[in-house]
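Below are the structure tokens for one structure; questions will follow.
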Amino acid sequence: MFCTLDELVARIPDGASVALPPDYSGCAMAAVRGLMARRARGLHLIGVPQMGFQGDMLIGAGCVDTVETAAVTLGEFGLAPRFSAAVRGGDVRVLDATCPALHAALQAAEKGIPFMPLRGIVGSDLLAARPDWKVVDNPFGADDPLVLLPAIQPDVALFHARVADREGNVWVGVRRELMLAAHAARDTFVTVERIQDARLLDDEAMAAGTLPALYVSGIAEVPEGAWPVGLAGCYEADRAALREYAEQAATDEGFVEWMRHHVTEVAAA
Amino acid sequence: MFCTLDELVARIPDGASVALPPDYSGCAMAAVRGLMARRARGLHLIGVPQMGFQGDMLIGAGCVDTVETAAVTLGEFGLAPRFSAAVRGGDVRVLDATCPALHAALQAAEKGIPFMPLRGIVGSDLLAARPDWKVVDNPFGADDPLVLLPAIQPDVALFHARVADREGNVWVGVRRELMLAAHAARDTFVTVERIQDARLLDDEAMAAGTLPALYVSGIAEVPEGAWPVGLAGCYEADRAALREYAEQAATDEGFVEWMRHHVTEVAAA
Amino acid sequence: MSDVRVEELLIAAIAARLQGLRHVAVGASSPIPGAAALLARALSGGRLRVSILGSRTHTCFTDGGRELFDCAAQGRMDAFFLGGAQIDGHANINLTAIGGYPRSRVRFPGAFGSSYLYFLVPNVFLFTLAHTPRVLVPKVDFITSPGVSAPNVYRPGGPRALFTNRCVFAFDRELGRFALDSVHPGESAASVRENTGFAYREPDTVPVTPTPGARELALVRGPVADAVAEVYPDFAARVFSSADAA
Amino acid sequence: MSDVRVEELLIAAIAARLQGLRHVAVGASSPIPGAAALLARALSGGRLRVSILGSRTHTCFTDGGRELFDCAAQGRMDAFFLGGAQIDGHANINLTAIGGYPRSRVRFPGAFGSSYLYFLVPNVFLFTLAHTPRVLVPKVDFITSPGVSAPNVYRPGGPRALFTNRCVFAFDRELGRFALDSVHPGESAASVRENTGFAYREPDTVPVTPTPGARELALVRGPVADAVAEVYPDFAARVFSSADAA
């Protein structure tokens, strides 16, 4: 259960499908840099339901074969430059979705059902590009087209959280998309700011926002593990570092430079 | 939003479908006695996913037309006597379900989808008795029968909780079937032990277990509102009172006597 | 055997079947399976995860009533226990009603989660302390949850065994029927036959259900009894407080 | 008008459309709609519920990322705002890509929740500060979310209006096209026509978008600006701190 950051990263195999949350949720940025440093290959990223810097970084580092998401965005720092470049170059396969479709498909995996119906989407060009999505006539209606989304069971859910206890329970608070991803995924790997002695499930307020250890395969204690995107309630985003990334990643050379400085040299140190 | 117990009970119309939780979750027992005292009629009870004393009491008082549930049980106090008698006499329509089917059908209403697929159930006599449930061939498989459950949108969700704040947010903690029922229902009425000044959503631990006021139509402050079944973390079940009910409700006359003592005379007092 | 109660025998016999599993869940009103799960947990050195519904200490669920069922569907639950007002020779169970449906002469609480968990949990153990021809019947009045399914039905789970106050039956999923596995001390192949309403296979020699060893008994009467007392106070008071006198 | 910025004009114009609603949600990167929602809330005496995604104070959601969408499907969300890298005359929006798909010359972040919320939320307001023929196009390159649907498609929601830096278009759902509703001070029917790539109906007389009244302006520059500063600090610094000098 408990391991070092390196051990945790090593347990995410090349080719795995990996569910990743948005920047505002809980991003295991240190683990993502670990995947980049080890030159992970062939990952299938799944946005829960969209992804930010970590998605762009992994794509830029050549770790990603497919990205299945409602968006890749740097938010106020602009378009995701490595994602855009990879799409332009045909270097990454994009399975475009919409936020609730990803939530619903993960819920289907959570419930062990083969698919989930969802309203909306009909008439969007998204549908034409997703032969894995079906449109059927609602069996409880008549002439009522309805989209069916196949379940998404990620091999791995990877995120960062504030605290875990010695049993391996992890507090996610209101960020329940993390709990959903963990329920849906085969294995969940979590980096946390700290590991506490007090049992989370013994505190009835904390228990309500706790992911039980039952779903957790590995935990590494990584203080500031969400740097630079930040962790709500713990520390803010490092806006200077995010801006630096956005600027450098705008070009191929700039990204290589950024990666040398923030990933390769750090890993070698 | 905030009202007296009587006002809250008055807002649940005869004929409404009412979602009720099990004894161990959070039961608005005082409100249920209010429904009995006013001689509510034609209710369609929905177990979330099963119900205990409150279901048996409402059935005994003649308030119930239909009960849709995975079980009606007095737990260690035995079979639900008024439920059994009503079934024997053909006085109540029972839509027998199984726990996860009710959760899934409520989730369908929560998601605004017409149905939810579910594994299991195929081959159970439950299915033969539920023409509203469909068995289809999994559109993502082949020769793979799968049950589809139509969404259940209760008119009302009714439960008891520990605390609400002045905005009408309600803390349910780990009892998220209450949150699901509230999301699924048109109107949610809650009795609470107390109303606090501090905003629940401002406390990030409490926020994780809080039902937002957005879903809540009415709140009444009713200390010991879950008596006699109890409220986890607040007060235990009153086992003597529960045993008294189980014994008296075993006969028609005994139930009338129990109701006179615990409902009619109390309401008149 | 005179100082071992049948409850203790069953607790040890069930616990033996739980060895090597990762996660066992038990319903709120199943004290013997609950005690067996806690014994198996103690014997596993704490590796076996036990979820006892209705317990505050022995449950980890934080996503409401649905989580148990979702967890089973995800393949994260290895064993569960089910009872039955009637159980037949194909392991069909009836938790619904006897004597007509929907208007029934005798009405039971209902299916609870059985019509789902019976399909999804790999090792379902049936359990009854009323081993009589009225409970173990040729054919249940109402199939709340079927013991076997057609080959095209998605069914990673199903029955493994039936534990009663007289014996243990193993369930053969290929054949869709029970075989007598062992009889408890004081019972015999004949006494079981006489009290069972359904047909089952009977080996030439029927073993006796093993009496719990000293280690098991010490655990059952010590830490397991303490834990059971929290969840099932009435049961603990009845069984364990008088165990020495039995 | 010289002392009213176009942002303030838009905030007031949008807020006017939100009166009488119960619940408005706004995306994390939509400061003008966010400010409009907060103004409408102030004008409603606090009755209008505002959910600003990404804000800690102005959001009540506690069930993870899916809750916003479930809430919309339940009919508990009356209005939402969407932008578009391209918007066409049928109110189709493109948030995905320009110049080929899946291999695209210009790639945008993606659909986010638009392909769903556009169908479910009764009042969707489109918004752009780039009113040019390159953004308001005859036909979007990629329909991320369609403006209108066939009659058999479940669609309680859809577009109501398009707010730009030049004008307000109303959307007629029956006709499936826009009509010019008002032009902002300094613009004209001609300047709008010149900068719009799609066809739309134009009335004989085009009103001017009303300038916010004193009460609205005081609220926008006072309590609304304070609240906006928490959620959209850069925007607040740019617009409100220099409002007097504009």
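Letters A, B, C and D mark the chains as written, and numbering starts fresh at 1 in each.
Just so it is clear, a contact is a pair of C-beta atoms (placed from the backbone, for glycine too) under 8 Å apart; a residue touches a chain by one contact, two chains touch by 3 or more.
Nothing here was measured: the structure is a model prediction, and the numbers come from that model.
Using the contact definition stated above, find the chains touching both subunit B and subunit D.
Shared contacts of subunit B and subunit D: A.
Contact counts by the stated rule: is the higher one at A-D or A-C?
Taking the two pairs in turn, the one with more contacts turns out to be A-D.
Using the average of all C-alpha atoms in each chain as its centre, how far is it in Å between subunit B and subunit C?
29
As a quick test, compute the distance in whole Å between the mean CA positions of subunit C and subunit D.
60
Can you check how far apart subunit A and subunit C are, centre to centre, with Cα atoms defining each centre and the answer in Å?
So the centroids are 41 Å from each other.
Which positions in subunit A are in touch with at least two other chains?
Residues 104, 107, 111-113, 118-119, 144, 146, 174, 176, 179, 207-209 of subunit A each touch two or more of the other chains.
If a residue has to touch 2 or more other chains to count, which residues of subunit C qualify?
61-63, 66, 70, 73, 120
If each protein chain is taken as a node and each touching pair as an edge, is the resulting graph a line, ring, star, complete or other?
Looks like something else, not a line, ring, star or complete graph.
Which pairs of chains touch one another in this structure?
Contact pairs between chains: A-B, A-C, A-D, B-C, B-D.
Quick check on the complex: what are the subunit A residues that touch subunit D?
The contact residues of subunit A facing subunit D are 22, 24-25, 48-50, 69-73, 75-76, 79-80, 83-84, 87-90, 93-94, 96-101, 103-104, 107, 118-126, 129, 143-146, 174-180, 232.
If you look only at subunit D, which of its residues touch subunit A in the complex?
28-29, 54, 56, 61-66, 69-70, 73, 95-97, 101-120, 142-146, 149-150, 152-154, 234
Can you list the subunit D residues touching subunit B in their complex?
Checking each residue of subunit D against subunit B gives 23, 49, 60-63, 70-76, 120.
Please output the residues of subunit B touching subunit A within their complex, sorted ascending.
Contact set of subunit B toward subunit A: 104, 107, 111-119, 134, 136, 138-141, 144, 146, 148, 150, 172-174, 176, 203-209, 233.
Once bound in the complex, which stretches of subunit A touch subunit C?
Those in contact with subunit C are residues 109-113, 169, 179, 183, 201, 207-215.
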